[in-house]
Amino acid sequence: MRRPLYKQWVHDYGWFVLLIPLLLVSWQSVVTLGWVPSFIIPAPTSIVLALFEDSHLLLGQHLIATLEEVTLGFLLSVIGGVMLAVGMHIFRPIEKALYPFLIISQTIPLIALSPIFIMWFGYTIWSKVAIVFLTAFFPIVVSTYDGLKKGDGDYTELLLTMGAKRWDIFRTIEIPMALPSFFSGLKLSIVYCVVGATIGEWLGGTEGLGYFSRRMSSNMHTDAMFASILLLSLLGISLFITIVIIEKQLLKRRGSTK
Amino acid sequence: MRRPLYKQWVHDYGWFVLLIPLLLVSWQSVVTLGWVPSFIIPAPTSIVLALFEDSHLLLGQHLIATLEEVTLGFLLSVIGGVMLAVGMHIFRPIEKALYPFLIISQTIPLIALSPIFIMWFGYTIWSKVAIVFLTAFFPIVVSTYDGLKKGDGDYTELLLTMGAKRWDIFRTIEIPMALPSFFSGLKLSIVYCVVGATIGEWLGGTEGLGYFSRRMSSNMHTDAMFASILLLSLLGISLFITIVIIEKQLLKRRGSTK
Amino acid sequence: NSNQVSTSSEKELQELSIMLDWYPNAIHSFLYTAQKNGYFSDQGLDVNIQMPAETNDSLKLVAAGKIDLALSYQPQVLMARGENIPVKSIAAIVRHPLNHLMVPADAKVKSPKDLVGAKVGYSSIPLYEAMVHTMIRNDGGTSENVKMIDVGYDLIPAIATSKVDAIMGGFINHEQLILAKQGHTMLSLNPTEYGVPDYYELVLVASVQGLKDKPELLSKFVAAIREGQQYVQQHPDQALSVLFEHEDQTSPLDKDIETKSLQILLPLMDAKERPFGYQELESWENVNQWLMTNKLLPNTINVNEAFINL
Amino acid sequence: MLSLDDLTYSYSQSHESPIIQGLSMNVHAGEFISIIGVSGSGKSTLFKLIAGLLEPNCCEIHIHGEKCTTNRLGEVAYMPQKDLLLPWRTVLDNCLLPWEFNRKPSRGHKKEVIANIQRMLERFGLGKYEHCYPNELSGGMRQRVAFLRTLITGQDLLLLDEPFGALDAMTKKEMHRWLLELWDDLFKTVLFITHDLEEAILLSDRIYLLPSEPDQGVQEMHVNLPRPRHYVMNYDPHFIQLRQDLEQRLYEKTFI
Amino acid sequence: MLSLDDLTYSYSQSHESPIIQGLSMNVHAGEFISIIGVSGSGKSTLFKLIAGLLEPNCCEIHIHGEKCTTNRLGEVAYMPQKDLLLPWRTVLDNCLLPWEFNRKPSRGHKKEVIANIQRMLERFGLGKYEHCYPNELSGGMRQRVAFLRTLITGQDLLLLDEPFGALDAMTKKEMHRWLLELWDDLFKTVLFITHDLEEAILLSDRIYLLPSEPDQGVQEMHVNLPRPRHYVMNYDPHFIQLRQDLEQRLYEKTFI
């Protein structure tokens, strides 16, 4: 397609961009008309105002702290998740033994275990990273593992007759086949990462957007609280888009798998 | 395969079942040896004891309440999620306009919005159902939508020449093609549902395992708290297994999609 | 060289960590003042202030030896001991309940018995439930008909949006002030006037092991905060600005509210003729008795072991 | 029955040269017409155009004498090159597909259709496989099922894209015999893509040779063998001569 | 070169009758052997057994005179029925696959191999498509790439499962010409599954006919046409006679 880039963009996100001001205006009017008290949902304008007022703290300190936790936790969960998925794929008993634990780990509300995290990791960044890791881990393992299982028997047979070893098949067939599924997992996971970091910051600490939002909430500075949530959301979306762009870059040069 | 069912079972879960007592024993000894104080992680035996002691309350009241919330929220999110996914699939502008909001909805920590839920739904079951819905919704929409997109162009062309209408193609090609992906979504989602319900109960209420666990935590009854978390986890796993069984039943009679 | 000198002089300071009951606010002025004015370092202490996720976490972490000191509540200390969590109170910081039953000022409810048939929101702690029941019964009502709702963290939204008729768990120096600022004037009903024993809202807690291992350090800490509290009492404005200065680096506090808060707090923290932090056996016994009658405690607690005056 | 007049098509506007250029073709009712051409010459594309899956750039397609400008879909039976059996449906259910999409009152009762399908499966040597899933069949079997499914549509004009391409020699021969025996009762019009010259001669009334370069124009060849034909007439001198003629036409272009 | 002795195989123990029963076969170095049989008679299965993808129930497979009991994989070049090009690799990269898995020191430098592949692509009429992805090629082109990839393995024994099955008549003829011209220099041994009888006769030294019922035993036919052969010899009377003979053998079983 030789369509100019901006036209493609308008076509893709025009509707979304149209919907945004519409939503904002109705939100603003709902609040200014007093239908919803502003200490429960502040008006968009006051959120933006609060963002500017505290921009120094929010952007200069808390955003960076959260970003750090998210990045560390995400990277660790990608590494750990892929390793576990590959392990489960290559050695079936690992799957049989660990899959149930994986599911169990997801059914336990993490906050309930907060003393354990603090006992193990103290009030360092690692207690937050651990929580990010645990939230982000599951989608990566599951989707990578599912992707690896897709490896096609016919292709495998062909490669075997060429003298390919287990590792060759893994490299040439299974990894490329698993990539799309792996990226679906990454996309889910990066979104959960941000929430994970927020929850982690509630466990204790002195910085991060989650910490700030909770502080502001306990003082009923709802607008500042929403400002930090807005930033959290923007952070999540930017990270998501980053993953999408990487995915497009990696997968665009290959023919469809069908 | 004519392998007897129990043998299959042993083959599938033998490792897991072996690992369980091993873990439990080491956990028990870590606690009884005093390496970890029992008020931070109680011994398995005292958790089970607490479970029996409070079994009347836990099983008779709180488990049922949580199950109710999870079921309602899950069903609603399946219905809503599938409808949205189908809508996005059939009518592209819906996808373009709503997909970003979907992602945004996942980046916002729900607890931060708790006052809004309480304002809208009060301290009824619906505020919890709403939170369950929001946690479970995303995986279902994403995976169902991804599954629907898989619909194969060649099949579609063939069916078109047979005079198939949009709906026919949807019914005969796209739904069966989407089913495996849809079930992946369900499996993720049901696991998140349980955590969603717990978080929902923390926002306020008078029953449910999440409510009970928090109450016990305030009373420093760590063993009772872990007992309710154990139940939550068991609930999540049973629901997960239920979905897996339904999936097997539905998909077993069809040839592989490859 | 100079770098090494400074590190070696820092090494002489003994590290001590304290976990707050909640985010830093006017209550903690004495800590920040002691730190800023060097009372801690004068005593040879290097104090590290932490914040908890859950108020209960801090007791457990003190008992587990992960931190040295925690700010907690008197009944909570007794309940922890009831669960064999080896902690001991070493000082009473706030000597009277801050936690009052609050009803909207314009509501028909004027005393606890009017709450029969109404909804009362409380923040997750069963103790508050017992307090409400005691207050209603003491006021001549029947507590069975009160619907208690755990509202989690959201005390203010719950009452501000009228989802409940009263709240228990709000502090007169925080929630009440914020609600008033939002235009929701609250009538606060002091639990001590309705049959609940006068208890210490905030106590300083150490672990039994800690008291055995480093009693001198803890005594020095108590000495330093006495100095701090004295300064706060004499110069409340300066003390507040120390707190604000500290907090502005992460999350600015609401200056109006904290100023008013400190005004409310100072008399309640004052031990009169006794030194700051002094604990009376009678108070511990009353609270223990009341907790037992409300089935929140087994009758096995030796109150003498629950606290120590340092 | 079907007429194409100066058909031109290219997949993308920017594409230098069209895949099909200035193709004209006339098919009468009841004719059996084979289409031969090198790989990539646009045979499958032509079928998609006729079936209505693609819209020609400029040209008129007439089916049954009516000009079909807009929706031709569902007017002709199309069998694609790949078998495209739905993997989650049994053989029988796959064959039922055309009936499911048929909304005309004449589509008949399900029971009758199933009985009919079962009869035809028997004839195709697939009687035992009625309830099998496609992945349980060999490549040849799958192709036969796909062919059967095309017949079931009940359309007059069949577009068959290498229906016997994947069959073994014996099965193919049997299919020829069966098709030739049936042919006079079928009253169908068939457009048939094949790479087997003997098959083309044996079955067809006319053969179109698609050029390898789109601008060279199609060649047409009449197969003036008498009908009814017999499946073992391929040693008939007339037949051999026709075949030699066809080969010459094909190869003189390819190897100068 | 290759000898099978009383080969028997069934996919599952519980299966009533084996797919292949008591099959014996002897292939000499440099021979070109075609295998013909109805669909489902186990031709592809036989190839998988020889390639080492399946283990026979009982029998001995000798390759190069050595008994191969355990791992035969990587000893023979196998071209499956489907093209199985990796969709995310270009034509060139697909052809490079066998080289990548070859761990022998003789595998040569990548550059040389690429140059060699490019030369062969040119010969196959795919010179322009070197950097295309498989989904940009027509069915016939894909099959040619797959065939090329098989040759690249450099093995002496090639197992070709209908390599020309999807090619059009002209390309197929050209492939025949090319293969026959090359044949004497190749020094390869080929087992060749086909459904095209003429192709079988034209290319083979011997033809094995697999029975449709596993217990009937294979038939063997010698093609005593002189080599070098020419690709347009199919009107030669000897050729036609061989073909008639072959057809008779096949059809006498199928149609009584």
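By written order: A, B, C, D and E. Residues from 1 in each chain.
What we mean here is this: a residue touches a chain if its C-beta (ideal position, glycine included) is under 8 Å from a C-beta of that chain, and two chains touch if they have at least 3 such contacts.
Everything numeric here is computed off the predicted structure, so don't read it as measured data.
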Checklist outcome for this item: Intersection of contact sets, chain A vs chain E, gives none
Next on the checklist: Going by the touch criterion stated earlier, list every chain that contacts chain A and also contacts chain B.
Outcome noted: C
Checklist outcome for this item: By Cα centroid distance, the chain farthest from chain E is C
Next on the checklist: Using the touch rule stated at the top, which two chains are linked by the largest number of C-beta contacts?
Outcome noted: A-B
Item to check | Averaged-CA centre spacing for the pair chain D and chain C, given as whole angstrom | outcome: 87
Checklist entry - How big is the gap, in whole Å, between where the Cα atoms of chain B centre and where those of chain E centre? => result 51
Checklist outcome for this item: CA centroids of chain B and chain C: separation to the nearest Å works out as 39
Checklist entry - Out of chain B, which residues touch more than one other chain, so two or more? => result 40, 111, 115, 119, 202, 214, 217, 258
Checklist outcome for this item: Within chain C, the set of residues that touch 2 or more other chains is 54, 60, 64, 153, 157, 161
Item to check | Chain-chain contacts as defined at top | outcome: A-B, A-C, A-E, B-C, B-D, D-E
Checklist entry - So in the complex, which bits of chain E are touching chain D? => result 36-41, 44, 81, 138-141, 165-174, 177, 195-197, 212, 232, 235, 240, 244, 247, 250-251, 254-255
Next on the checklist: Quick check: in the complex, which residue numbers of chain A touch chain E?
Outcome noted: 154-155, 157-165, 168, 172-173, 176, 254-258
Checklist entry - Touching chain A in the complex: which residues of chain B? => result 12-16, 18-19, 36, 40-41, 93, 96-101, 103-104, 106-109, 111-113, 115-116, 119, 138-139, 142-143, 146, 152-153, 184, 187-188, 191-192, 194-195, 198-199, 202, 210, 213-214, 217, 225, 229, 232-233, 235-237, 240, 258
Checklist outcome for this item: The chain C residues in contact with chain B across the complex are 54, 56, 59-60, 63-64, 76, 79-80, 82-85, 119, 121, 124-127, 147-154, 157-158, 161, 163-164, 296
Checklist entry - What does chain D use to touch chain B in their complex? => result 48, 51-53, 73-74, 76-78, 80, 82, 84, 86-89, 97-98, 100-103, 133-136, 153
